[in-house]
Each structure stands twice: as C-alpha cells, then as structure tokens.
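Quick heads-up: structures coming right below.
Next come two complexes, and both contain chain A; in the first it sits with chain B, in the second with chain C.
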Partner chain A sequence: MAATTVAQFDGHDAVAVRYHDVDPVYAETRDIRLLGFVLFLVSDCVFFGAFIFAYLYLRVSAPTWPPVLNGHQLPWFDTAFAALNSVVLFGSGVTMHFALENWKHLNRRKFTSWLIATIVLGIGFLLGQAHEYSLVLKDVSWWGTTMGASFFTLTGLHGFHVFVGVIYLTTLLIQTNRGVYTGSKYFGLTAGTLYWHFVDVIWVALFFLFYLW
Partner chain B sequence: MEAGTTTSHADHGAHDHIHPPPEGFIRKYVFSLDHKVIAFQYFTMGLIFMMVAGSFGELIRLQLTSPTGAIMSHATYNTMFTMHGTAMVWLVLIPLVTGAAGNFIMPLQIGARDVAFPWLNMLSFWILPVAAIVLFSTFLFGGAHAGWTEYPPVSLADGTAGALWCVAIFLVGISSTMTGLNFLVTIVKMRAPGMTWTRMPLFVWATFATALMNMIATVALSDALAALFFEHVWNVPFFDATRGGSAVLYQHMFWFYSHPAVYIFILPAFGVISEVLPTFSRKPIFGYKLIAFSSMAIAILGFAVWAHHMFPGGLAPWLQLPFMILTFAIGIPTGIKIFSWLATIWGGRLYLTSPMLYAMGFLITFTFGGITGVFLASVPADLHEHGTVYVVAHFHYVVAGGAVLGFLAAIPYWFPKATGRLMDERLSKIGFWLFFIGFNGTFFPMHWLGLEGMPRRYASYAAFAATNPDAVFWNRFETAFSFLMVASVGLLAFNVIWSVRHGKLAGINPWGARTLEWMISSPPPYYNFKKIPIVLDRPYDFDKPLPYRNLDNDVDPYPSPIAAVTGVKPVGAGA
Partner chain C sequence: MMTPELLEKSLAFVGAIIVGVTAIVQLRNDWAAKGLDAVVTKLLLGLMAVGCVLALLAAINVVGVHHAS
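On to the complex of A and B.
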C-alpha cells in the first residue's frame, strides 16, 4: 500500500492527496493520533500557564522588581542577547515549516537540508541559553529570590522542551533515512512540526514576560 | 432520524479489524491493553486502598471518642488525617470513578472496541501502584502532617516525607491527565456510526466533561507540586513569604485543580445515576439535553470557583465577591440535574433493586451536601464555618454521600455485565442500609457541632468540649455509626468475591436496560463488538423499539424489566 501510494502521486500534486481517498484505515488512525497530540500540547500549555501565573503573581505582589537581595538591587536580564537567541529559535520554526512543505512535495533532499538546519538552530538556541545562564547566575540564583525561581523554572522548562525537540527531530531524521514515512503517511513529521512550533510560541510569551515587560 | 449521519466507520476503518486476544497470563491479566481488564485492575486497587484509607479514618474517629484524644499522639493524628484524605482522593476516588467506571463503561456505551490509546491506558494504570508505594513510604520518614492540601509553610516542615508526598501526587496527576486525554479522543473520534453528540448515553457525557477537567486542571496541580518539591529539596522560594514568595499562591494553584477535582469525582457519579434511574423507573430520562449540557456547564464553571476555598486565607475582598457569586451559580446546573432526576422517577414503575436503592440514597445525601455547599459559598457564613467540622460534614456529604454512593450504585448495576453473574441482591441491600445509616450517623451531627465551633483537624477538642459538653456524646455517636460503613465495605468486598463464582447467571441484559453495553454478551468478548453497531436514536425511550441496527446478538427489541431475575416487584405511581 505504502509503495504504490508514493509512486501513484509522485510529483508536485502530492499535497492534494486526501488521506481518505488513499487509505481510509490509515486516515482514521491518523485523525485519532492527531487529536491526541493536539490535546497533549493543550495540557502542556497549561503546564506552562500555571507557572506563568505563579510568576505574574509573585512579580505583581513584590514591592520592587527586580527584587532586592541583601540590600543589593538585582539587575534586569540582558534583552539584546535574548533577542538574538530568540531570532535563532524563531528561524528554526521557519526552517521546520519549509522542511515539512518539502516533504509534502516529495523533495527529499531539500527536506533533509531544512531539517538539519532546524536541528542546528535548535542546538544553537540551547547553547545561547547556556551562555545566558552563566551570565545571569553571577547575580541571580535559582534558590535565592522569586525572580530567580520563576526565571530558571520557566526558561529551564522551556529549554528542556527544546532539548526534547532536538532529540525528537534527530529521531525523525534517522527515521526518514530508513524510510519509515512515505509521501502520504508522515504523521510523525506532522507531530514533530506541531511540537516545534508550540515550543516557539511558548518562547514568544516567555520572551515578552521576562525581557520586554 | 436516519443512521450514519456523522461518521463512516461502519464500512471500513482501523477498528473494523478484530485483533486476536493476547496469550499468556502476563499479557492477559497484568500488562493487559484491554480496557475492561484495566478497569478491573483499577477497581481492585481502588477497593483495597479504600479499606486502607478507611481504616485511617476509623483511627481518626477512635481518637475523637475522648476530648483529649483517646489512642494516639497528636503528631500521629496529623499524619492520619493527612493520609486519609490524600489516599481517599488520589488512590480511591480518582482511580475508581474515572479509571474503573470510565474505562469499563464508556467504550462499551459508545460502541468502540477499546479506548483510543490502549497502551497509554495501561501506562496510566501502572503509574498508580508506583505512586502508592511512594505515598506510603512517607511513613518511613515521619509522615506528612499538613492535611491532604499540604499547605506551605506548615508542609515545608515535613522534610523528606513532604517531598515524597509531592512526588506521589505528581505521578497520580500524570496518570490522571493521560486518562483524560485518552477518554477525550475516544469519545470524540470513536463513537459508533449514528451516535451523534445528542444520542450519547448520559454517562458518556459525564465522562467527557470529567475527562476535559482531568486533562486541563490536573496539570496545574502538577505545577503546584513541582514548585513545592523544589522548595522542599532546593529551597527555591516560591511559597516562602520571608523571601518574597507567597503561601497564598500555592493555595491558588492547588485549588485551581482541586476544586475541579470535586467535579471529577462527582460527574461520573451523576452519569451513573442518569443511567440507573431511567432503567429502574422504566421511563425516559427527563431533560436529556439539560442533563448533558449541565454537565458541561459544571465543568466550565468548575474552573472559575476555586478561590471559595480561600476566603479566610488572605484573598482580596474584591475577589471574594465574584467567587461567591460564581459558586452560587454552579448550584443552577446541579439543581437542573436533581430536578430532572426527580422528574424521571416521578410517576414511574420503580424497581427497588440494589442499584436503585443506592441511586435514591444518592439523591438524598448529595442534595443535602450540595445545599450546605451553598451556605459555605457565602463569604460571611464561610468565615464562621471555615475550619470547623461543618466543612468536614459538607464535603463528606458531597464526596462520600455523592461520588462514593454513586459508584456503589454502579457496582451492582454493571457487575453482571463485567462478570456474567449477578451480585447477591440481599447482601447488596443490607450493604446499602448499613452504609446509608452509618454515613448519616457519622456526618450529620458534624453540622451542628461545626456551627457551635468545633474545629476540624484537632487531635484534642478539650477546650471546645468544656463549653459544649454534648460534643463528647455526639463524637462517640459518630464513631459508633462509622463502623456501620466499615461493615458495609467489608460486605461489599465479600459480595464481589463470592458472586464472581456463585452469583446467579445474568444473561445479556438482566435489567432490561437500553444502552449499547447491554446488547453484547456478559462478560463482553475481548473485542466487545464483532460488528460495530449503528445507532438510530437516544437509548432512553422505553416505549419504543431499541434504536440499534447491526447488533451481534438477537436481543429483545423491547427489553423487559428484571422481575424474573431478582424477584423484585415494581412500586410507585406507574406500577
């Protein structure tokens, strides 16, 4: 079934293939998995949301922000560097989009290049964050103040999501090389793209809340 | 109404393919993917922990037979009420009402062969024993003392035991979230052809609303527990007021989950009652759509009332008013349900079987608990009643007299479907009266003791008893009656074990019920439905032929009542 599907729809019109026409059994399984994955992202969103609520609560009820520790006013975070790092992450969202589009159009080689670019940018973001942590830790520790507690918890949770995403995308790269996915059956790639965009969107909120506000 | 208006699963689909049943003991009974076996695992585990947590409760009651504390040190007493609440909520109620009832009934009622993600379902269950081990290991480290809510800063004094408590409940939360997600996808995507949203059985509606809250609210609890764990282990200042944190923040995060959790317990019980009452009244359910939509209204409103648990705890006055009004408002959908149920049995031909007795007991106790809840929602009244045993009475009427009684109605009702045999009817009825009388005897006096000001969670109430000498009598009265509930649960366990082997054979449809699970053999085969049925209408119109096509078995199109099976004769206006 899989082999005939690819051959049959080889070429640029492959996007127009509706799952239901090709393989109704697969279509139903895919629908179920897609809804399950979207709901997972919704619940993950609440996981960030409740910590963001905690951050807002602590910040709004604090007498000064950044807080004062041992009579010493803590500095703001470095917005310029974080903005640069954000561009890296948002860029990886764009490259991921092109990767999936190329897969849908059956351009395997371009797909692989865009996916590798995404992984590299993801790793770049993580390295940037590690660098930023090393700078921030000079003044603010995780356990010292509410500022550190909320900053390191939320960005750490986000960084962990990026880390998981990098591993996920690398797995997808290996899987596509082994021929796990075809031109019409590529739910793993859809899920990976959704996840990666989700991680991007969360960063928009975190960037605004920690660096711009 | 025509068939197949929504989906096209009938002709082809992933679930048209019947898998062979698994071979070997481990795959069949331990790491099973079958929703029915998993439900049985939840049921067994929940019942065992109900006995454990119940015995903690009995120790609490024994302690209170003397105003200075009869049997244990104050620290041990604190651990006992903490573990009683924690285990009852997370190891008994959540696993029983969603894990056991939801898993067994919901896929059968929507005509599915299993839940959407069977493997995830298995994982959800097996997380729980691990969580239970972690939870009970807190005893080795001195126990948790701060009550089932584990409010900081008091809970921060628990040290390792407090940290392990967080880990245990975090694990339960993960399990619960995954179950919610699984059920949502199952209900949205895997209903039998023709089963539109407004043709779903009401238990499925209730499970849908429950799953929604399970999936969203539980995650917020996970955050609260993670933050509390960080504070325990690495001293990260989320809740420590001396370093800018806020203990009230924990209360917000905790109750954002734990208030919806109350509806997570109660909505499946509502679903059970909505199935049991029409079956044994031989009448269509009154107000189908209103009951279904009020479940959703409760689920949505349930997210906006959490701070009514925090009125005396430093909540800003401008916030108290909206939370008070929203809490009053949640009485409206609940009242709609109560009146719809009363209208359902009104003028019916009532068969007072054991599930029906439990259901009617539920109507009384739950309504009572609901009404005291409205008093508590009012800020001025709450400031007086908060922290007294009045609150204990209220939430036991809602949770034990509501969720547990509803679940106890479900056991004799679906037991014949699960095992093929009826439970012993006489023992079930004795069990009901023991529970009902014991329950009311235990918790009813707490209303006036609470109004007189008897504090909850105190190991010694000597100061209160000095001004209210009758308190000693009533506490002994409560303790005596509480042992009737112990007898009832013991009788239930005996009845279940005995009836599996020796109960009367039930046949396909012993109650003459009309939902889909009663159209297949008892116990259901591994694959549930050989042919996926087609649904033409709602299941509650007792005067019309069954609204199904494509059934596996030849069933009576007008399923007859149960007198032949149990010897019960109908009573009431319609008899």
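On to the complex of A and C.
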C-alpha cells in the first residue's frame, strides 16, 4: 500500500493505517530507531540520576536543611508557584499526547492546534522557571551553597531539556507543514512525544525533591 | 482576601485535577495498546498522573509544608 500524503487526509477522521501494514522495511527501521531512542532516554535518565543522587547525598549528610549561611538559615523554595508551574508542564504533556493521537487519527488541524498548545505551555514553563530563578537568586546563590548548587544544576539541566524540547517540537511543526510525515510514517512525532513525556516525568522527581520533601 | 500564593495554589489545584484526570483517561484508553512506544508512553503517562497528584496535594498544603530540620 502506498504511503498517504499529509494533504490527502487533512480534515478526515479515519483511523490511520498502522505502519506495519504499510511498509515492512520502514517498520523494521522504525523499530530499531525506536529502541535507540528509548535507550537514549534511559541514558538521559541515568544522567539525571547521577545528579539526583549527588543532591540526596548532600542533603542527607547536611546537619540542617536548608543549610545555614552566615548564621541565617536559607529559606525553602516557593511550593505554590512551583505547583502551578508543574501543572503547566504536565498539561503540556497531555496536549502533546492529544497531538499525536490526532495525527494517528488523521486530524491534521487538531494535531497542529495541540502541538502549538504544547509549545506555548513549554515556553510558559520556561518563563515560569526564569521567574522562579529571579526570586530564588535573592536568597540562594548557585555558587555559595550545596542547596543552591544542587537546585540550579538540576533544574537548569531540566530547563535545558525543556528548551531543546521546544525547539524539537517547533521543528516537528514545521516538518509536518512541509509534509515530511505521513499517516503511516511518523516516527519523529512518536519520538517527540516520548521525549516530551520524559521531560515531564523528570520534573515530577525534581518537584518532589526540591519543593515537597 | 486573595493573596498571590492562594491564587497560585487555586490554579494549581484546578489544573492538577483537569490534567491528572485527562492523563488517567488517556492511560485507560491506551491500556490495550501494544509495542515499545505504547509501553513507554503508558509508563510516562502514569508517572505524570502521579505528578498531578503531588501538585494537587501541594496545592492543598498536604505536602510541601516545610519546617527547618
């Protein structure tokens, strides 16, 4: 069966043909690429894990937490704003999931809308994080204490991932408009969705460790 | 009076319910899906729902109410 172009199914609500039914060669390479991408996510998980365990070690071995600097105990981070910003990021995960589902169901317009919503929410999270940094830096420097170093390293690393994700999703948006992906060949969209969910889940751990624990 | 903190927590509360319920519904819809991408997606959706529960609990001051140790 020939691959269907994007323009042909625009606006229709039919279920997409599964890639395995379309092109065995593509299906095989897709599975290999998927495995490679999942292994990349696992390696990224280990990368974050190393920093998280360093933070746990520093926190557990500290006599007081938050640490005392120049005779003053440092404040806790703002839980209320972090909870709101977390919901923004988790919401972007749901919109990205909707985007991929609409692509699979050949609703290109809805796909585009949900993908744009995801990008906007991702940018919103980054702006929220920048606001959070501006508040935290009044009390906690990134170079002065283990608390600040851990916080800015881990959340900064995560923020970088979100930034890369926003660029990735924007690229996907441009590519879909140019007809790079079809109803049966859309590995890039699957990988983008997995990456974005991964970024969400890493934030679950960071949100718990820095704001709730 | 609506303070900024109360407003943030209220928005987080409502948002966490909406996003969390949606994530769980999507997880249920995709439950029968097979394949590596489907398994990873289900795992990540589940963990995202956990994140929503954490945000919800934080919004109603069940967790994240700190005292210096």
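In this text, the second predicted complex is superposed on the first by the 195 of 213 C-alpha atoms of A that agree within 3 Å, B and C clash if a C-alpha of one lies under 4 Å from a C-alpha of the other, contacts with A are read in each partner's own complex, and residues count from 1 in each chain.
One rule holds for everything that comes next: contacts are C-beta pairs under 8 Å (C-beta built on N, C-alpha and C of every residue); 3 or more make two chains touch, one makes a residue touch a chain.
Here the structure is a predicted model, which is why all the values come from computation and not from measurement.
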item: When chain B and chain C are modelled together on chain A, clash or fit; value: fit
item: Touching partner for A:Gly91 - first (chain B), second (chain C), both, neither; value: second
item: Touching partner for A:Leu35 - first (chain B), second (chain C), both, neither; value: both
item: Chain B versus chain C as contact partner of A:Val204, first or second or both or neither; value: second
item: Nearest-approach distance, in Å, of chain C Cα atoms to those of chain B in the combined model; value: 13
item: On chain A, positions contacted by chain B and by chain C; value: 31, 35
item: Residue ranges of chain A touching chain B (in the complex, touch as defined); value: 24-26, 28-29, 31-32, 35-36, 39-40, 42-44, 46-47, 49-51, 53-54, 57-58, 61-62, 67, 142-146, 148-149, 153
item: Touching residues (chain side chain B, partner chain A) in the complex; value: 9, 12-17, 116-117, 177, 181-182, 184-185, 188-190, 215-216, 219-220, 222-224, 227, 230, 234-238, 243-246, 249, 252-253, 256
item: Residue ranges of chain C touching chain A (in the complex, touch as defined); value: 5, 8-9, 11-12, 15-16, 18-20, 22-23, 26, 36-37, 40-41, 44-45, 47-48, 50-52, 54-55, 57-59, 63-66, 68-69
item: Complex contact set, residues of chain A against chain C; value: 31, 34-35, 38, 41, 64-66, 73, 76, 79-84, 86-88, 90-91, 93-94, 97-98, 101, 190, 193-194, 197-198, 200-201, 203-204, 207-208, 211-212
